[in-house]
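Each of the next two complexes has chain A plus one more chain, namely chain B in the first and chain C in the second.
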Partner chain A sequence: MASTTITNAPNPNRRALLATGFALAYVVVAVLALILVDRNSLWYPLYNVFAYSMYVLSPILIISLPIPNPIKFGGLAILLLIVTPMLGIYNNSYMEIAVQICIFAGLALGLNIVVGFAGLLDLGYVAFFAVGAYLWAVFTSTSETVFKLNGWLVPGEMFWVFLVIGVFIAAFVGILLGLPVLRLRGDYLAIVTLGFGEVIRILARNANDPINITNGAQGLIGIGKPPVPDLLHGITNEAIRIMSLRVDNPGFVAQQLLFYLIAVGLLVLIIVISRRLEDSPIGRAWTAIREDEVAAKAMGVPLVRMKLAAFATGASFGGAIGVLYAAKQAFVDPTSFVLLQSIIILAMVIVGGMGSIRGVILGAIAMTLLNLHVLTNLSLQLNALRNVNFIVPIIDFPIRNWPNQLEPAKYQPLIFGLVLVLMMIFRPEGLMPAERRKLELKAEREESAGLDEQAAPQPKGDA
Partner chain B sequence: MGAILTVTNLVKSFGGIAAVRDVSVNVEEGSISSIIGPNGAGKTTLFNLLTGIYKPDSGSIMFNGQSLVGKRPDQVNKAGMSRTFQNIRLFPSMTVIENVMVGMHSRLKISLFDAIVRTKKFYEQEAHVVEKAHRLLKFVGIDEHANEISRNLPYGDQRRIEVARALASDPKLVLLDEPTAGMNPQESTEAMNLFRKIRDELGVTVVLIEHDMRVVMGISEYIAVLDYGQKISEGTPNDVRNDPRVIEAYLGRRTTSTEAAQ
Partner chain C sequence: MSTTATVQDRPVAPKANTLELVQQSWIYRFLLFPIGQMLIFIAGATILLTVIAYAIAIAFPAPNPNIDLVTQINRQLPGMIISGVSIGFVYSMIALGYTLVYGVLQFINFAHSELFMVGSATGFVVMKALEDNGVLKEWNPILMILFMLVCAMTVSGILAMLMERIAYRPLRGAPRLVPLITAIGISFFLIDFVRAGFAITRNEFNLTYPVRSLEMFATPVRVAIGETTVNVRTTSIMIIISAVIMLVILNYIVNGTKLGRGIRAVAQDQTMSGLLGVNVNLMISLTFLIGGAFGGAAGMLFGMNVGTITPYVGFLPGLKAFTAAVLGGIGNITGALLGGLTIGIVEAFLNGVLVYYPALGQRYTDILTFSVLILILIFRPTGILGKRVDEKV
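And then the complex of A and B:
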């Protein structure tokens, strides 16, 4: 719990009340900002950047409140299970981003087990995601694969079964990768896992000949979806009626809502599992390995077994999320599993704060928002301005002359890189660091400072 | 009582340099023994060989009726031999009690399933782990710091945490690598009392690497002296103290010129 030290602290109850009031006001303002604006106005995209980002950060705000857990989680449940779906039905792009955030937060938490808890740098994490995604895809895709031709396809109802199978297959692949490479450390492990990630991707690209399993670079289309229960259709229609919206395709909205609920459910499960593992002999062993491998093994921690447990757990999260991702996208191809994807997930972990569950989720929110919401909307804004031939006042610059190559959405890698560099300079421990990680970084810094004893006192000794 | 640890003709070289040459040592169960010798004599290498961190080139290590050669460090720990390190190697960002809890790892029944589902077994075991860790911290006298971050404690206390952590796996034998290094005389006297308590109250056999001759001579029942990787002397403190080879190893040989001068 992030308790801030306050000089002459007032009554803690008053503080909690104030904070809760603020959080409530924040959420209300964010929601109103989202629904009261004219979606056809010229500056809507830019406005949207701020309004939805503000809203999406509210779960983190609520979880950080100094109030009793039942109230906190009650508030969170209302936010995630009522307010967000309503907003998502009101504007489908909000639902889409919410699902993507859950997907990436789940992946980032899986990688966090390996990198943040056990301290093993894995640059090929996306491979497990790919395993889960392809597992569901090959069994349901309408592409002309060997599965289709032999009639091995399964109906969408099997989604739930495959979610579980995905967990175990990915964990198994994690162990398979782990066995030969876990004797390596640090940079070497990173390189080998990077290679492994690429191997899986290239396998997916090339496994279309002589037997067509993955349909190669063309990808698999028409991937099955879990059927929407009638209840959810009813709820969706009711919500549409209450908000008096005009929706062309309520069935699609209900399907999106189902994916959202599955994604939230999976994420909650992943958070609970992460927390429980962290606070257990296994979590302690992981921390021990991360901090001093030699001491850990001399104290009876079986290194290989504990590292495999980390790899398998992280991989299993990736596998489950992969199954969901394939079903939601209805299309997978090898380009979804490139190295950059692994790096983006790693960036979420680092930006948020390695080893800190809350931080990693914040990192996933921030990076996904940046990628799918902020940059996209800035591009939209640019186009909108271009269409009305907007001229920037004072400097008299017509937006129309802004080169196409410099569209914000194309900056993505640059901006991600910049974010990482700035983080490493100003806040290497992440936005919401784990207490432990802060201490470790401090220790490392002191150690390296100790090497040149006479060095001037550090300008920035804070952490 | 018989020997709990029998090392026979142990050899270990690093790139042609023999760090441990043909060392044989017997440690009686329930004894306090010391291994001494000048810097670079191979004492810590011997500890690393015993605990599986290095693999010996040849020779045998029999501990409590089983061979330890080829065993991994965690297996050695499970077999009942635990250790501390010359340069304190605590898990720096963990609290004092968490350090001790890690030390119990080899005695725990751990499955991912129990940890995730939080079975009754899990809660019972965790309660036991916490209770036992406090007991050990009381034993070494730092229970009041249980929830502090270990790296924030003073040096002497960190040594005590290491001892508590080493005892957490219910070992039959602990190897203490220079446990009183850097302590003042009063602290090292307290440490000596602690080592005696480990043997007397817990029944754990203690083997020290030690430079402080006051400590060595004060508590050891058996001493082995290493020099250049070889055992040059062994026996009771008195035997060793008067052994000319030991004096030579520590102080150097009288030169012929001084002999001539006599």
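And then the complex of A and C:
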């Protein structure tokens, strides 16, 4: 990027040094901001909103800055494998959010294959996630299902095997969905996939009678977890000792740490696969289908196979993440797989920029933070202020009079709906658009601007 | 509308026979024809489904040996038909909104189901206000229903216009996915906005229409058919009457007025009609207004029929109505009517018959609607009455 302006390009070494220094300073400030604060102070939740958000956005910052690759990836590895786990052990809610971000980033990248790469709007993506989650759940749950009664349960060690099985089952379901909808496009495809997502959820809710498979609306409890290796226990205890923390249940922390590591590993794998697919012949075929299906077909792109491949790949990511999610939550029920969940994942893809891997990760971070961190902490802050009977200065408004129903955490759908509408109107290419899409939109704008000049000066849109 | 005369025949005006005269008359075009069409659709769908229901009853005896399915169906048939027709009209009225907008903009307004929901919420607010002011029992019921209908239609219609103005018009000409995603966003926004509104003002969002407090709606009308007497709910009759009147009016607006001609012209060719002096933006706004008003009216009628609604009430009827619109042929107004009635009657029959098969049960009726939708889209994406439209490259 920098090489385009040759005359006043700064010395690349100096640039890299500056960028590295800036990134390092950013991370250090963020970490210090998280550690050096009194967690019992009145304004802690509000402070936390900014401090942790700042920290969580640091990987995206590191990726975006022009830092030499070895330092970049080394830094990322240190950040993800050492700093974040330490912070997570220090404050467990940070670990929780980090795991959720990895889970949702994985899902968003899966949906990105279908929506961003191949241009097939899938509103039932959560179905594949549900398939993966229920797959692991029915085989390990302690609920009184047919699996438990017949002794078909599997031990937690099988988690790794099921991660792989989840990939294949979800890919299979993806193809099952893909086959009937191959001929549909645009609006029809969206509504059929939406219906498919609902069908999977209704099946999960109703498959407790006559044979109890999913335990219906009550959900499955006591889902198995992968066993924690001794090494991880040792590391956790050591970390706790170094930071001289008092932890009641180090076993639980080690378990969380294991889930975090699995989630990061899966996410890295998904990113690598997405990246490799993007520039592969398959990825180019997807782009061709997205841009013009008829032209792609005329050029010999096998539409059927490529569309099925997109559905299967996207679904397989969802399946693997689903297995992890079920194990982590230890409880699944049909309400985790409602349409809103699909829409939230879609919002991540859209906010970040359809087709842009970096953007989608940014979108997943932003949306998950908003959903699980910002809104929750704002509600906590409200309650904290209510408990001390805080009175807003200047306007003399007692927080206690703030209606209970106006808690920020209750307004998820409203906010996500608004985000979708505003993004579409003002920045349809997303926060971090894919290079190709950026160029496309630029060309489109120039083209339409040229047309406007040629046309007679009429009020726009009013033919 | 079309005569058989060719160009050469023109000078000698063909003698109009009585039939043609009748067909050109106002009464036929705007009263007899649409009502007759509805009756034929209802009769056709009912007869077909009755045959199927009996066939199922004979082919698959109910698991419970004490129940004779055929006699059960004999007993329930009139009730099933009436509830099917009334819910069918509700679906038709929603489907009209999808179809009108699709006809003009070739775009599926995903947020249309929320116009239905807003309509039913408005109906609740109005009825509750009437009750709180103590005039609910004093007003003439017909006047009251009319008032509620007008309120629901106004609110939903204006909301639809605003939606188009704020969210869809700036995106005209954008890739197809863009307005679709906007519509989903609007849908979620509206649901939560209404939920929050009622949660703050009333502390709950289960809205129960005070229908029961009215004597007229509390007791069903008993109609004797042969040996059996059937309880017909007053609300079902109300839905059917209001829907028929409104559909006749819609038929008049679309086929008999200058405004309707404008809408049809824009639906055929936006640029050309613009060049010929039709105000395209106004026509699109009006299309949204009409579609929204019908959605709102359907919502209010539906609310009175089921009694209790929530902000989430729009999703399933909206989806079923969309299925209806696709079944009839999207973009086709008659198709929306046919599709809605068919889906409504199918649903009533399924609800009536599936009770006797506990293993399947009513829990899966919603899945069946989706399956119908998927099957239509795969095998006849243009619907029953739709014309084949080739993809523009």
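In this text, the second predicted complex is superposed on the first by the 431 of 463 C-alpha atoms of A that agree within 3 Å, B and C clash if a C-alpha of one lies under 4 Å from a C-alpha of the other, contacts with A are read in each partner's own complex, and residues count from 1 in each chain.
Heads up, the rule we're going with is that a contact is a pair of C-beta atoms (placed from the backbone, for glycine too) under 8 Å apart; a residue touches a chain by one contact, two chains touch by 3 or more.
The structure displayed is predicted, hence computed values, not measured ones.
Undergrad: Can A:P70 be said to touch chain B (first), chain C (second), both, or neither?
TA: neither
Undergrad: For A:I343, decide between first (touching chain B), second (touching chain C), both and neither.
TA: Only chain C; A:I343 stays clear of chain B.
Undergrad: Who wins on chain A residues touched, chain B or chain C?
TA: C
Undergrad: Given the touch rule stated above, what does A:I273 touch, chain B (first), chain C (second), both, or neither?
TA: It touches chain B, and chain C stays clear.
Undergrad: Looking at the overlay, what does A:L418 touch: chain B (first), chain C (second), both, or neither?
TA: second
Undergrad: Of the two partner chains, chain B (first) and chain C (second), which one does A:A309 touch, if any: first, second, both, or neither?
TA: In the superposition, A:A309 touches chain B alone.
Undergrad: In the overlay, answer first, second, both or neither for which of chain B and chain C A:V301 touches.
TA: It touches chain B, and chain C stays clear.
Undergrad: By the touch definition at the top of the document, which applies to A:G151: first (chain B), second (chain C), both, or neither?
TA: Neither: A:G151 stays clear of chain B and chain C.
Undergrad: Which of the two partners, first being chain B and second being chain C, lies in contact with A:E198: first, second, both, or neither?
TA: Touch status of A:E198: second partner only.
Undergrad: Answer with first, second, both or neither: which of chain B and chain C does A:P180 touch in the superposed model?
TA: Second partner only.
Undergrad: Would you mind listing the overlap between the chain B footprint and the chain C footprint on chain A?
TA: On chain A, the residues that contact chain B in one structure and chain C in the other are 292, 294-295.
Undergrad: State the interface residues of chain A toward chain B in the complex, per the touch definition above.
TA: Touching chain B from chain A are residues 273, 276-277, 280-285, 287-288, 291-292, 294-303, 309, 313, 436-437, 439-440, 443.
Undergrad: Looking at the complex, which residues from chain B come into contact with chain A?
TA: For chain B paired with chain A, touching residues are 51, 53, 72-74, 77-78, 82-83, 85, 89-94, 98, 101-108, 110, 112, 115-116, 118, 122, 125-126, 129, 149, 151, 165-166, 168-169.
Undergrad: Taking the touch rule as given, give the residues of chain C at its contact with chain A in the complex, in rising order.
TA: Those in contact with chain A are residues 107-108, 110, 167, 169-172, 174, 176-182, 184-193, 196, 199-200, 203, 270-271, 274-275, 279-281, 315, 319, 322, 326, 358-359, 363-364, 366-367, 370, 373-374, 377-378, 381, 391, 393.
Undergrad: Can you tell me which positions in chain A touch chain C when the two form their complex?
TA: It comes out as residues 115, 119, 121, 123, 180-181, 183-184, 186-188, 190-192, 194-196, 198-199, 202-203, 206, 210, 292, 294-295, 339-340, 343, 346, 350, 403, 405-406, 410-414, 416-421, 424-425, 428, 461-463.
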